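Each of the two complexes below includes subunit A, the first together with subunit B, the second together with subunit C.
Showing the complex of A and B:
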């Protein structure tokens, strides 16, 4: 007789934590509620969401057990649940509001998941049918997603030693310090404070630009909306034309905030607290800024020689830098419709999607540190093929990287690329089911990379000023799942589907 | 002076032997048989017991001791022993440690662990190796008067520019004294007319710069003046520190270590060295990595047998200079007999350093050359010394034995001795002397 395997995950603990987070979600939901009251929009969508989150959160709190300790497995489960359920709650206002494409629950979940994962790809067709409060909720959920991932990466995951946090330790460690403070909650508070501070600064800068008349359409509403999604490297905008709707000076002002949002927040904290060299000497920081510079130079040159594009010199530099910075930091704003550029420019944008900023930031994608370690490790392999006995640790900013970490990085890269290829093929195949709808390979590759790597805009119809609504519902469902998986670094979700996770 | 020594291993015994003639020496040794044995070997009081125990230390009279030297093979025992000694009285405490960690801790705050001085044998040995590497063709190098005076023994190899020259021709440096010349087994005290021949070994004493410059002069022109390609066999602590010190001099050494974990650890610690994980006695491997073309090979593995094997292999492959670490004092001669250029004994190095540090005002046989044919002594000249107030020429006429005054330091600066130089009270004199005359000379001083 075979007895049922014993479940060795304390689901109670995960449920308890998830329930707590959902309950607290009611607090930020009050913000769009207030916006709705201010603009005279219906308050039903947010009232419903608040009720739902309190109900579900409270229920899970009751089911869960606060006394049980949260181990690594419980943390995995809780992280996956939190990201999925917060997105689900986030979809409620769209459905209840019932305007435009997001009246459909799948579309609403896509929009919400794209927001929470700081992706920034939209299924909106017509922005004008949505109320200002709904549009503001869309911005806020991205800001929350950025905050969540920061705390996850800098404080929580490091305590269970998984994902990007393990990598980040190699970048931030010194002889006497692994984290900013010995207490997780204290570290989280410092990072949280820094994130709020930079967001506030962004809002202030944007609003001032509008106030002094340099950007007439940058009112307080837009300043707050874009402040929420710049540092979060998220990319939603209440304007259908994204950053392109604003004056060049606003676009220039957005670039540093996107770049800062993709910088390691621990190093950023040390930078403004008396240890600036830690950031300035970080090899990952050099690699990250270096790749932005190189990509900008190539795209700028491509724009300059393109006979169909008639930008001024300033506009050439600005559009090249803005869109490259937006893609590499995984923000997803666009200052202009880059789908109108030559193939050279578009392909550089596509390649840029795979880079990502630094670990320990709000950035998505594969991240600079992984590429840096992989490239250094490849170079080492070339050396050891000549001197097989040589022992050469791979070093990042002079810190040796463990061989196990290198294997994990290779596995992560391979897994990411495999999922990307599979999703590309799925998008093409799934489109075939619908007569008259074909997706070109490049557009499919763009959409796959942009959703799975949480960038936002893609190419073709799903370009920066376009929409993901064109894809069949089945494709959108897969994209929702992959945005979710991609955001929390693949492993915490995939591991839930292994038998070993639950029983051994 | 009353001296208490903890540990009667090779280091402790060597220090005890050096000091026993002039001082009251008490040795505490844990092993009873060894303690018993020591009583017959040396004129010291040997006590069997735990050197860290308060009771044992009281028995040994640590409370009234002037000097306390902890030199067992165990770092923690030595440090705890020093701390214990400080609770009993105010002796000057010296601890021998193997791990550099403790030395670094002590350097942060002198007096930590209750130690007034800490000697790290592995580091000292590595420093010694690096100094020898820095002098091509040197087979021995010792520092006197706190490094102000260097003594080096060089081999005159084939093709050396000074071969066939007279000493007067070869000695072009103001602050250098040509102390002795060994031809085969014979010791020659050279004068200006002595001709230097291939195969001779020359002993010079002088300022560090002049000794280094002479070392460059004596090396054949075709040998690389700058030693760049250094291979270290064995990732022991000595091997590690040697590599680290070479890195500081911007040399990129190659380090061979067979153990996977240790090799990885070394590679992490030594970013500017090439660490290879392999058996250093594999000739195919050595040939593949062109070890034969290297300038210097250092055998620093964890056993004398393996060091001998590696050193002989390297010599046969054609490595120009081979330096071996020899743990057992008795094997040093053996290594040199089979053609290893330099054999360095960590215990000798440690004992020498401790002795030198602790008794600056007493003459000790600080360096022993060529199977004890000759010694180099550092003498502190007191007002009542027989040597004080005499010129070197007068001394030469007065004393029977063969000796050469290599260097004199007066108030911290170096004076190159010539025939009419007068030795004064307060001077420190570095003298090269034939061994049989050394005791007589020391008595006179």
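Showing the complex of A and C:
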């Protein structure tokens, strides 16, 4: 008698952790509920979401075991489940509110997943139909998504020793950090505290600019809303014109917060705790800021020579730096409609989407460390092609990188580009099914990169002041899945589809 | 006193080898000369090329040393020089003939480089202005390019033990083959003999189809012309409508020759010499034919459901199979204008450009073995992400692949995609400089892939029945360089730009 292969994943442990997270989600949902009470908006949307998350979360807690058995497999499954189910709960307020495009469940899930994954691409058509509390929920879910990624990078992954943590070790030596603190969870708490602190500072700075009269429309509501989505490199704004709705000084103020949000938080913590050189000497930090500088210079030049663009010198520098920093940090705010720029300018925005900030931050996309390791490894390959006998480890900030890590980084880069390609083709082909609707290849490439790499705005109709609502429902469903897969760095979802994951 | 770093490359040895090859180039140039005499065309174009190649080649032979010192560096330099200078000599007949677009030296170099690299993209506008002998030279230079690649894969690289040879070893165990023959040069000669033999067979089959009346316009001239460019997976045709100018039976006859041209020639040799299972059990062979089958099925389905396409069932299968086989083998013939197909069909053609046939053949592009190794390695990475302690070599046809080879394959794939991207952006941005001229992103992607990966036809105006002459001169110059870099697999050119190459 042949028995079915035994499931070797402790599914109960994963469900238990997921249930716990869903239960805790009720706490942040009280914030938009309070906002609704303050502005006299309906409270039903948030009450429904709180009820749903307590019910589902509590049920999973009851069904699941204590999370004593959290190996790599259980962690992967929990991460995939948590990101998907929190997004699903996050969609409930949009559906219950029932206003505008997000009254439809698929659109609501798109908006919620775009929020939680800190993507920031919207399916809103008309911002004015949405209540202040719903718009604030949209901001808060992005801040939670940024926090979730920091937790993933600093606690969950490092406790199981896979993927991202390996990458973190490479640049930051979390074990050095651990000498400072007795437990990994202690380290993690310091990092999350830093995140909360910088968010508070952003809110304070933005609100002060409004208070002193430099930015009339920057009230407390907008200060909080943009504080939530700056350091989270998330990019939603309650304003349809994004950062373009505010005075230039606000745009200048946002740039450092986006840049800090994409900086390695362990190195940031060490920076303000007596070891500033660890950050200042980090090669990844140099590569990241260097990319922002080079891309800004090219875009600035393209804007300066473009006869159709009539910016002042200050505006040229500001719009070049703001939008490049926004794209490379993967925030996705826009200070102006870059879809009106020349091919050179738009293509720099497009290429910038593939960079990303530093590992161990809230940044999305491929991340500077991966590109830096790939470039250094490639340079070594050129060297060994003429000196086959040479043995030279690849070093980042003087630390040798393991050969398996290099190989995994290459695999990740390749996989990202292949998925991006496949999504582009899907968007174009899927659009052609709709009579009279076509998506240009460039617009499709932009939308594919921007959703899968969690940037936010794309090109054409899905540009920074546009909407993803133009896409067919089938395309939006695939984008929802790829925002999810991209944000948790592909592998935790991909392994779920291998037989070995479940039975070996 | 600080002295300049000493040049550590034996440049003389590289120059000597290059000079020898240029001198020998006079021999094949006699063929179009004879064709010119036969048809009463001017012989000046070929006489000039013969004089030039003997002069330059002889001069380099005199200047250079005996090629006693051919290490990896000298081989890289010689390969880069040979491919560039042979293309330059190959351009002379076009310029001297002075007809049509190729009267301009840049266009002539484009046509010649496209020929030698077996790309097959043309800058011709009007085929009828070119003499029969010039059109035959265009075919012959492609056949020489195919032969050159086989020599590179089987003799030069394996004698210095780098890059491509490492890949060849992986799949074919040339050392097994060497047991059959006392010397590597003997092995190589058997391979080249096979190439000559299959070319002869192709000519015979094509000519017979004409003789028996099945293909009225397939005369001896056309049979030779297409025999030269089928097995070479090269794709030039003296007919502006390519394979579409001939009867369906000719198109059916071309398919196996394109497929054989992209099959590993060592395994082909073993196949007809008592070891057929080595080819039939090759996982790369399965992957390569499987890709052709899957892509054909998808394109066939897309054609069948497309209301604007009214092919018979036979024509649907033939056009799907012919054009996919043509693209995946990197030949570049076309049986019909696929730029009229739906987005789905055109995108399958586009994606097919990145595959390529088997290593150790005349195929271009990335090649099946690299994709297969990357896929298997990725599958292993998924496995080790849940079983970190597992040690599992990646195997192709039961042979373990070295970890450094896997890493170099990833690097090659990434480098290819990045260069493809950069070329796409360059094409679009460069086009925008020209008032009133734009290249769509998809057409630019197609042209970038088709030139850099040495396929031939692209999309839009540079489609299979179109011309690359539409592009600005600056774009054509960059395409010339990238056809060259792509054909010799990037590294030999890239290392020339490292300081270590010259001084370490």
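By our rule, the second predicted complex is superposed on the first by the 491 of 504 C-alpha atoms of A that agree within 3 Å, B and C clash if a C-alpha of one lies under 4 Å from a C-alpha of the other, contacts with A are read in each partner's own complex, and residues count from 1 in each chain.
Heads up, the rule we're going with is that contacts are C-beta pairs under 8 Å (C-beta built on N, C-alpha and C of every residue); 3 or more make two chains touch, one makes a residue touch a chain.
Please read all numbers here as calculations on a predicted model, not as lab measurements.
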Item to check | subunit C versus subunit B, contacts on subunit A by residue | outcome: C
Next on the checklist: Once chain A of both complexes is superposed, is A:313 in touch with subunit B (first), subunit C (second), both, or neither?
Outcome noted: neither
Item to check | First, second, both or neither for A:7, with subunit B first and subunit C second | outcome: neither
Next on the checklist: So in the superposed three-chain picture, is A:398 touching just subunit B, just subunit C, both, or none of them (first/second/both/neither)?
Outcome noted: first
Checklist entry - Touching A:212, do we find subunit B (first), subunit C (second), both, or neither? => result neither
Next on the checklist: Per the contact definition in the header, classify A:389: touching subunit B only (first), subunit C only (second), both, or neither.
Outcome noted: first
Checklist entry - Which parts of subunit A are in contact with subunit B and also with subunit C? => result 387
Checklist outcome for this item: Contacts from subunit B onto subunit A in the complex sit at residues 256-257, 263-264, 266-268, 271, 274-278, 285, 289
Checklist outcome for this item: Per the touch rule above, subunit C residues touching subunit A in the complex are 72-73, 76, 161-163, 342-344, 347, 350-351, 374, 377-379, 381-383, 385-388, 403, 406-408, 410-411, 413-415, 417, 421, 425, 428-429, 431-432, 440-442, 445, 491, 494-495, 498, 500-501, 504
Checklist entry - In the complex formed with subunit B, which residues of subunit A make contact? => result 387, 389-393, 395, 398, 400
